[in-house]
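Input: structures, listed below.
Paired with chain B in one complex and with chain C in the other, chain A is shared by the two complexes that follow.
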Partner chain A sequence: MVDLGVATLTLEMVAESQMGLKALGAGLAVGLTGIGAGVAEMGIGSAAVGATAENKDIFGLALLLTVIPETIVIFGLVVSLLILF
Partner chain B sequence: MLQPKTMTRLLIVGSKEQMPSAVTELYRHHVYHITDYTDQGKEGYEGFRIGQPMEGATELSTDLIKIRSIESIFGLSPDDYLDTKKRSSRSIKEIIERELPAIEQEVSNLTAQRSAAEARIKVNEQRIAELTPFSGIPLELGLYRGYESVSVIAGKAPREIEITVPHEKFIASDKGNNTTVIFFKKADRATVEHALAEAQFQPIPIPEEEGSVRKAIDTYQSEISQLTAAIADIDEKIADIKGKHGNFLAACDEVLSADVEQAEAPLRFATTELTFIADGWVPVSEVQSLKSGLAQATGDKILVMEVEETGGHHDSHDHSKNQPPVEYDNPGFAKPMQSIVDIYSRPRYDELDPTLMVAIIFPLFFGIILGDIGYGAVLLILALGLQRMLKGEAVQQLLKVLRNASISAIIFGFVYAEIFGAHPGALNIELWHPLISRHLLIGTHAHHQGDIAVLLVFAVWLGIIQMTLGRFMGVYNHARHRNMLHVMGQVSWIAFMWGALLLIWSIAAIPLMPDLTMLPPIVMGLNIAGIIGGILVLAGAIGIGIESPLELIELPSVISHSLSYTRLAAVGLSSVAIAMVVNFIAIEMLIEPQFKELTAVGIVLIIIGIFVLLIGHLLNTALGLLGGGLQSLRLQYVEFFTKFYKGGGEKYNPFGKKRNLTED
Partner chain C sequence: MSVVIGGPAPYVYVCTRMRVRKSKLLPREEYLRMLNMSLPQITRLIEEMEYKKEIDELASSFDGIDLVEEALSWNLAKEFQAILAITPGILKQFTKSYLRRWDIQNVLTIIRGKKQGMSAGKIKEVVVPAGSLDVLFLDRMIAEESAERSIEMLKNLPLYSVIEREYSGAVETGSFGRLENELYRQFYADLIEEARSGLKGGNQFLKSIQLDIDIRNIKTIFRLRGQPVSGEETADVWIPGASFSVDELKRISQVETIDELVDTLRKKVKSPALVDALEGLREEKPIHEVENSLTRAQLDYMDRLSKRNPFSIYPILVYLEKKKYEVTNLRALARGKQANLPAERIENYLVI
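Moving on, here comes the complex of A and B:
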């Protein structure tokens, strides 16, 4: 009788699934932080464009405020690089 | 360098008789930044008043408006004539009086003719639109009216309409929206209208014309084509005039703009009945020549006073009034970066001008991010090409920034050994061994692994250096204002950051950073470096707290800002990955397999592969430009400038204008 409930794991399979989970984690790190940065920049960006339309001089400040949350996704990218390599 | 040009405040006082010659002289020198006089406007105030424009200002403005309107008709910009020979402004003035009215008359006649023709075309198009529905009905237009007992209704209906009373119906089918014309007895009107209303009938007006519909439409159409030809003719004439007089008009514009500006200059002066006072700033180096010029022009009948107020030593809270205007003073290679700093904000007169720093660091960062000989070369060619094609000061400056940045990208391309992401990967190419490898394991030939950790730490190091530099610049700015509390605050930040670094080094070994874990532990598992670090962190935090307790919330920014610099490595790596994937798909998946056995399908696949290769790399170049440019700019703006830079200085805008097309 073959017991279908138990499958044997070889060492390669363990290594491969570890690799897979790492890749998943890296993907989640970039993807979720990307969503976070996007949501954060959404409000700031639209307000910044509006403010720049009113007064062109504050373009620099507007750009600065818009890119502040972008660091979040860079952190995600760095974390995923560290996971993968 | 690092400082704006030093300015001297000059008061020019004279009798009103001297004003015109003084204004002309100021305009010619093009160095005097006038501070506009503002009237107090209080009741009963009996002091200086804002001056009145000089005589003839109104006529000059009228002429200028005429010229500008002709220019806008021609779509002419004075920049188009930059390379032409300069004319004498005296001769221009004579020609203005002689020729301008004639030219204006001719141009306004032509434009009037053109707009009349355009209006006529509109009317005809409208008529045609009204006639078209009737073109399918076999009736002459005269037959639609003039009956005593018969009525006619025309309109659009989606389907055929059932009418119970005697009538005659004509239908021209037109895709479910048929034109229907119904003739019926006048007495039956109510019944017919009822039936029509139920059938979603939309009445249309019957054109008041005679003869066949087709003929009428043809007549109108031929008239339209005649009018279009006439308009083309007029446009040609206008272009002719533009070619003949364009240069002259651009020169007129320049001369008259200068005259108008001079005539209106008194509006910025303080005047009494007989005298005027101009208040303004001049770069120190220009003071002497301006003074002697003014003395000469007015026969020494004018008083020029240097006011002992060079700025720079004000209290930092009172900078709104009487701050000198700011003009950059940078070596040639840093000049293009001024426009980038201007986007953020012009430096204040009493703070360090970061342009030189940014001029070095921005291309460096751009190179670190893009770092590819191929992409760098493409951008360099692009920058040089656009420099020839595009005109305009601001664009040229930005293109020079791009040029410097792409040269830096090429240099880093050599360091990383990358051309269009072509490392050993999809192709078995090994250019040379990279100093720092960004190569990834994509493609079958790939054997390098990138030095990812090294790259990340290297980026953090750059961040630590730049932020420390920024803090030191902040210390200098505050020290100049004798603002010791803020000096201490800035020093505390430096102490906090380096203390935190020491602590980290004493706990963990990090590549590229000093490894202090070997030192013997002294107290609580901390070694000597750790203890010094801890003390620095504590002292720093206390100092920051004393400067402003709110700043304590910002403490983690030391970590987040340092880590933010890792984008230098991370963004660059993502662009490498895209390049390698493009190479892999195009070369290894599409092109290479076809060479084993060349078939018709194979050739198509090769073409697709080349297409993918081109599009992919084009896209990646654009992304690299955007990513490299914006990310490294952001590091300057957010991580660097916030440490010391306030900005908000007034732009140095000297009275006068560079003559491009005319001369005296």
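Moving on, here comes the complex of A and C:
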């Protein structure tokens, strides 16, 4: 009979699972900030489309304002890169 | 009952559009400039604004003052229908109910016109199809032989029960005043009921209706002042449902001095904008100035509410009201210019 209650961790396994958790953290950093940016852009985007529908001249400005929450994703990306490398 | 799917985005979209449109309405300075122009200049200026399309369309059938007037009401009707098309969910329902006041106006115009033997073309000119009854329906109503037949067409509408009840009396007395009052009372009662039915955003809608009712009642009080009418005679002109009950209004309308009247009204009115406007009414003024300052107070207050609640029914209602007054102002300006009234006199009639 094999005793399943005791498992020995080799050094390699520890290193691999550390890497795995890092990857998980990096993924969460990008994913959650992406959702956050999306939620923030929802209101701005619909207002921007509304304003552009009435006045086409402000399209450029509206686009700029719409993508400002993208900075959150960039922070997330930076953090995830820092975690991974 | 339609509910918006997709979160608050459609509300944000439509409210922003309304705000942009509101900012495009004529500013005070523009009206003051127009006061010094002649009628053809005003027509040309109007043509350069939002009304270009309508002026071009109608230029072949009308000219001069009629052209301006027709273009203004066409533009108003089209604009309101366009707004109805872009508003989402519950806001659409509220806006639709709010615009029903135009139905009342149109139906009354048609009935009155028919009873007085006006030609179909003439009635068509004064009808503004901004409500839920569209141009085709109104045209069919106008084309009917008699007023009774036109009324028959309204059978499935909420208006019908009131018209049916009051019409024979109105024909007997020869005055549609009572019918009109009853229609508006019914209209406001329906709006209040709808706003109280627990829909999301209903409270805000209710507040703006009650403000509207208050302003209307206060205007009526000022209009009745100095006229020898008893409380009983005026019983059906008051609209219940807001700050004042009908009995209170009857009592207030009998108050003799203007100071006392303003004091009584102030005790009941809550909004600071209205209180300020009432304070300004302590001295005797011509009725159109009183009405103007009350209307301005109402618009200011609704404007403030729309800023406090940016994604509610308010931005839409403010725009609807302000657009209506822009059209009224331009019409007053054009008519005044045509009648060669002095600029100061016309200015007094403008809501700016």
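Here, the second predicted complex is superposed on the first by the 79 of 85 C-alpha atoms of A that agree within 3 Å, B and C clash if a C-alpha of one lies under 4 Å from a C-alpha of the other, contacts with A are read in each partner's own complex, and residues count from 1 in each chain.
The rule we apply is simple: a contact is a pair of C-beta atoms (placed from the backbone, for glycine too) under 8 Å apart; a residue touches a chain by one contact, two chains touch by 3 or more.
These numbers come from a predicted model, not from an experiment.
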{"item": "Touching partner for A:67 - first (chain B), second (chain C), both, neither", "value": "first"}
{"item": "First (chain B), second (chain C), both or neither touched by A:43", "value": "second"}
{"item": "Comparing the two partners chain B and chain C, which touches a greater set of residues in chain A", "value": "B"}
{"item": "Touched partner set for A:11, first chain B, second chain C, both or neither", "value": "neither"}
{"item": "Which superposed partner A:53 touches (first chain B, second chain C, both, neither)", "value": "second"}
{"item": "In the complex with chain B, residue positions of chain A that touch it", "value": "59-61, 63-64, 67-68, 70-71, 74-75, 77-78, 81-82, 85"}
{"item": "Residue ranges of chain B in contact with chain A within the complex", "value": "343-345, 449-450, 452-453, 456, 560, 563-564, 566-567, 569-571, 573-574, 630, 634, 637-638, 647"}
{"item": "Contact set on chain A toward chain C in their complex", "value": "42-43, 45-47, 49-51, 53-55"}
{"item": "Interface residues, chain C side, partner chain A - complex", "value": "7-10, 12-17, 20-21, 24"}
